[in-house]
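Below you'll find a set of structures to go through.
Shared between the two complexes below is chain A, which has chain B as its partner in the first and chain C in the second.
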Partner chain A sequence: MMRCGQALNAALHEIFERDERVYLLGEDLLDPYGGAFKISQGLSTKWPERVLPTPVSEASIFGITAGLALRGYRPILEIMFGDFVTLGLDQVVNGIAKFRAMFDDRVTVPLVVRTPMGARRGYGPTHSQSLEKLLIGVPGITVVTPSECHDLGAMLTEAVADDEPVFFVENKVMYGRPNRRPEGGRIGELACHEGEGRYPALTFSGNGFGPSDATIVTYGGMLPVALDAATELILEHEVFTEVVALGRILPLDLEPVLDSLGRTGSLVSLEEGTLTGGVGAELAARVQAEAWSALDGPVLRVATRDGIVPSARSLEDEALPGVEDVVAAVTAVGTRVGG
Partner chain B sequence: MVLTREDANSESALLAEWLVDDRTEVRKGQPICVVETSKASIEIEASGDGTLVQLVVAETEVELGSSIGLIAQSDADLEAAKARLEHAAPAPATDAGPRNVTRKAAERAAELGVDVSLIDKPGFVTAEDVEAFAAAAVRSEAGGPAETDVLLDGLSMENVTLPAIFFAAKDAGVGALDEAFLAQLRADPAAFGALSSEERCEAYRSHGAVIGEGVVLGAGTAIVAPRVVLADGVEIGAHSIVRCEEVFAAGEIAWTGESLKLTCRRAFIGAGTWIAANVQVGGGGHRDPWATFVIGELGFMGGEAFVNVCRPVVIGREAFLTMRSVLLTHNIGHSVLEGFENRFAGVVLEDRAQIGVGAVVYAGCRIGRESIVVSNSYVVSDVHEGTLAGGVPARTIGKASRAPSSARQVELAKRIVDELEVMLRLSGIETAPLANGVRGFELTGAEGPGRVAFVETLGKGATVPNGAGETVVLTLDAAGDAPPGCAVLDLLGRRVEGEGGVLLDSVREFCRKRGIRFDPGPWRYGRGLV
Partner chain C sequence: MGRQEQAGTAPSRAGTDERALYERMALIRRFEETLLELFAAGELHGTTHTCIGQEADAVGVISCLEPERDVVVSNHRCHGHYLAFTDDVDGLLREVMGRVGGVCGGKGGSQHLFAGNFYSNGVLGSTVPVAAGMALAEREKGSGAVATVFVGDGTLGQGVVYESLNIASLWRLPLLVVVEHNGYAQSTPSTLQLAGDVESRARAFGVATSRHDTTDVLEVQAAAREAVEHVRSTGTPYFLVLDTYRFSPHSKGDDFRDPEEIAARRLRDPLTVAAGLLGDDERDEITEAVERRVADAVQEALGAPFAATEAAAR
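Let's turn to the complex of A and B:
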């Protein structure tokens, strides 16, 4: 089974092979190094003129990437750590996200920003963050959040083909993990239903999508935590939940969440970003407005504690959401009425 | 081979992948594994020629400075390496295979002496699965179902309210016809069907059947069964064919439309059940020992519904089997020994379950209490209690109902009263609002006097209208005594208190069509106003 990093690398090779408008920009991309996490390995050898190593200046390379996109290219920008996206946000907020509307639909900015977010490698406060919450506050971009169970190659290919600017948020722990795909509608013991569209959500169930106690909504690198929690709840307590792994968080893909909520009546959000003003907050607000009567109780959020991500492993573990936090939240949202 | 520092800011690295199999020959400089650190993923090269012995499995985090493998340069080295591996390394396979048995299931399996590996099921094995497996094993070890089990074939009656007529008529002897009469019936049912309804009822009665008051047998209809039990007011539609190998029994005012075709070993039709025209109960295997058909009280079967009975079909109280829906208890196919499915199993609809128009429920399925199967679905697995299921094959879509707020319940109840008044007016019956702002109306024309009121909470302080004629009070909370001279319909408790006449029947009938059926169950509503 391919690891997630290998799957992304293979997809990049295919994308480069198929479309000569595709360029790759970023820091330390050239072989033999091939990018900090090796996702870009081999590209500079095969297509030296289309892999553009850049200075360590995110603000400028976001701008150059935008320029390429405006001129009809399909550039991919690799930002070495998701934390560094902040350095280029002015280009995103005041340019990339707005050009299409400001120029009355006469231009598009079809670029892809690939970047790894996430902790659990002991990299400390400035290399471990999950900053998707900053991105979902920017109207005009698309934020795609593949997990280790998504078809990573297909999603990246769709992102490059997308006419909108796409942030393709990867996760650094995911790179080394196998890209597990559903076989016969299952991944392991869990039934897995893949949704529709470019960036489909995956919905998991331990009881063949029968009635369950809660829906755990998550994305990206938190999926294995959610699946471990769901499995523990079944094995230890015979409590069944569904897990929804969103493939796109901006615009927020609400339909699979509402679909699952119809079978569960309770919602727990799980994200690796810090709690306040996060993806879970947006999700909770949207769900209560759209499906109040489907909710048996309040939506609970599980997220990283507000504050820094410490370097020390033990402290990092305390700050980040784990299986036990998800189990506690599901237990807290309670047993369904009549369920 | 020791994992060395590859960048400045890591104390450990992920051994992502071995590029060379364990115990294979490597040459110095050959890449043997991939290691990931914070900023880099690096191939580690063999430090010399020899046989690689892996000390760490792939996808584990390795501390810098620790050994990940050995390169054995002689047989002696290899033996030493193996020995070191056996001593040092913990057994790598601590979790052998996927763990899919819940803790409760494991405990239950130990109690019941069940080998969980024999439970053939995708996904997780729960305590319920273990219990079902154990129960099935007991049945098959006993050499088939016990004799007492034949009637319902061991199906669980949880959430199923069996009709009173089932208990009244299931025992041998009840309503048994004498042999000669039965032989005559079997020989020429058409001749018997040509008699008047009264003549046929009297003939059954005088030959041993239990036939209540006011039973009506439609033109041409003959019931051919060794035992016949018909409670008061049962009507069987014209041109019906009823052939039971053991017993045919129907509860008070059970009603069937014309051209009912019912063939099975035993049939029990609950009191107040309504069966539309052209319904067929039977099909293949209707003489099988387990061919029992039971439909609970206040049941409903829509036109052209088809129920195959070669194993028990048990339908609970107030369940709906709507028009053209199909329940199957077996399939016809090729040999099971060649791997084709060949199934014989009962079907259970728990109380208040609803099967949509044209839906099909396959052998062995159980439709949970108060669940709904949407029209044209094909059900191949159990539908859980309270769920809305649909599709081909059917899947859970959501909940079958959502609890309305109490404020909403008040609004809905008021609307029922208002709609009843509108319907009466449109039927030419004069009404007027009640005094004192009480929601409801009174009959002011020839049908009166009488009144219908909605009083949210009955009891102390409640204003309840009264006067000559009938008073029917609908309420959401019947706590306290019913006011004298009133008939009270408790809409949430679904109970009727007090006596009434035409007006009470009218309101009951109107509520029935809005899904509110009351206890005591079957009642005469033919004399209502609507």
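Let's turn to the complex of A and C:
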């Protein structure tokens, strides 16, 4: 089974092979280095003219990528750490996200920003964040959040083919983990349903999508935590949950959440970003407006504690949400089938 | 080489003879004076940044470009560049007035314009890397196009300008950066904004540069021609600094400069300088024609409905 990083790298090679409008910009891309996380390895050797190693100038390279996209190319920008997206946010907020709408729908900005978010590697406060919350507040972009169980290659290919600007948010820990795909509708012990569309959600169930106690909605690198929590809830508490791994958080893909909620009645969100103003907050607001009567109780959010992500492993673990936090939240929202 | 020989054939390009240059500058002047009048009369919503006094830059530089091929990226003070490049009085006027027929459907307004190869955006400096990316795209296509980005001296405070100059030089991008140095960043004089000298900033990155203190459109045109030829023939960037002056406020009513300073600069009004090359009759004829053109456009725009909300739903 391919590791997630390998799957992304293989997809990039295919994308480059197929479409000569695709360029890659970013820092430290050249072989043998091939990008800080090696996802771009081999590209600069095969397509030296389309792989552009840049200076350490995020503000500028976001803009250059936008200029390429506005003039007919399909550039991919690799931002070495998701934390550094902040350096290019003016380009995102005041340019990339707005050009199409403010120019009366007569231009498109088909670019992809690939960037790894997430902690658990001890990189400390400025190299461990999950800043998706900054992105979901920017109308006009698409934020794609593959997990280790998604078809990573297909999603990246779709992102490059997308006429909208796409943030393709990867996860550092995910790179080294196997890209586990559903086989016969299952991944391991769990049933797994893959949704429709370019960036489908995956929904997991421990009881074949029968009535369950709660839905855990998550994305990206937190999926393994959610699945471990779901397993523990079954084994230790006889509580059945569904886990929804969103493939796209902007525009928020609500349909698979509401679908699952119809079988569970309770909702817990799980994200690696800090709690306040995060993806869970948006999800809770939307779900209560759309499906108030389907909810048995309040939506609870599990997230990283508001504050920094410390470097020391013990402190990092304490700040980040873990299996026990998810179990506690699911238990707290109440159960209507099991426990 | 005679000036006439520089002319291209694209119909929307500013003419390269004195009459056409003057006519284009007079059009921009009258257009923007009209905007200020419309604001005063309560007919406009939002804001505007006029380039009254700086028209020779827009007209002189853009007369050296080919609108069918070259790309222009402008800033918040973009009306002069837009009119010089497109001659689209109706589209711009209606855009600023929020009426049906605006070039961006009323969504962009004064600072955010797009038509053909023309783009503008409102955050200072952000436009420079975008223009560099466009220059890269055109280089890769082999179109031979030059991407020109207009900035002001205030924009030289933005770090992204230097990141982009570095990359433009390193990657050999066909990028022309035009600095319209009017001595003010909004209300703050450049003495409080800029250390060192401006051209050295380009030289530090190995970017060719020159600086011209003139309001003579023919001199601006000659300087721009050299700059554009440099970019087109070498495929490398150029940093063209044009000293100029804005007679009008930064925006609408926010001018605190010494009136004597403004009066002194008015003696070098680019329209007066250019009019000196024409006969009185010719000048009056142009003035009248331009006034009529703008007045007619205003009348028609005032009769047009406001931008439809469904068009802005995106």
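Criterion: the second predicted complex is superposed on the first by the 336 of 339 C-alpha atoms of A that agree within 3 Å, B and C clash if a C-alpha of one lies under 4 Å from a C-alpha of the other, contacts with A are read in each partner's own complex, and residues count from 1 in each chain.
Operating definition for what follows: a contact is a pair of C-beta atoms (placed from the backbone, for glycine too) under 8 Å apart; a residue touches a chain by one contact, two chains touch by 3 or more.
Just so it is clear, the model here is predicted, and its values are computed rather than measured.
Asks: On chain A, do chain B and chain C fit together or clash when superposed?
Replies: Fit: chain B and chain C sit side by side once superposed on chain A.
Asks: Is A:297 touching the first partner chain B, the second partner chain C, both, or neither of them?
Replies: Touch partners of A:297: none, neither chain B nor chain C.
Asks: Kindly classify A:277 by the partners it touches after superposition: chain B alone (first), chain C alone (second), both, or neither?
Replies: A:277: touches no partner chain.
Asks: Quick test of understanding: once the structures are aligned on A, what is the angle at the Cα centre of chain A formed with chain B and chain C, as a multiple of 10 degrees?
Replies: Approximately 140 degrees at the chain A centre.
Asks: With both complexes overlaid on chain A, does A:195 touch chain B (first), chain C (second), both or neither?
Replies: In the superposition, A:195 touches no partner, neither chain B nor chain C.
Asks: With the two complexes superposed on chain A, say which partner A:90 touches: chain B (first), chain C (second), both, or neither.
Replies: second
Asks: Looking at A:322, would you say it contacts chain B, chain C, both, or neither? Reply first, second, both or neither.
Replies: neither
Asks: Tell me which partner A:175 touches in the superposition: chain B (first), chain C (second), both or neither.
Replies: So A:175 only meets chain B here.
Asks: After the two structures are laid over each other on chain A, how near do the C-alpha atoms of chain B and chain C get, in Å?
Replies: Minimum C-alpha separation, chain B to chain C, in the superposed model is 24 Å.
Asks: Quick check: in the complex, which residue numbers of chain A touch chain C?
Replies: So the residues of chain A in touch with chain C come to 23, 52, 54-55, 57, 59-73, 90-91, 94-95, 98-107.
Asks: Could you please specify the touching residues of chain A with respect to chain B in the complex?
Replies: 3, 5, 33, 36-38, 80, 121-123, 127, 175-178, 186, 188-191, 206-211, 234-238, 262-263, 265, 293-294, 337-339
Asks: For chain B, which residues are in contact with chain A within the complex?
Replies: 9-12, 14, 16-17, 36, 38-41, 59, 98-105, 122-124, 126-127, 381, 384-388, 395-399, 402-403
Asks: Looking at the complex, which residues from chain C come into contact with chain A?
Replies: 71, 103-105, 107-108, 112, 114, 119, 121-123, 126-138, 140-141, 147, 159-160, 163-164, 166-167, 170-171, 311, 314
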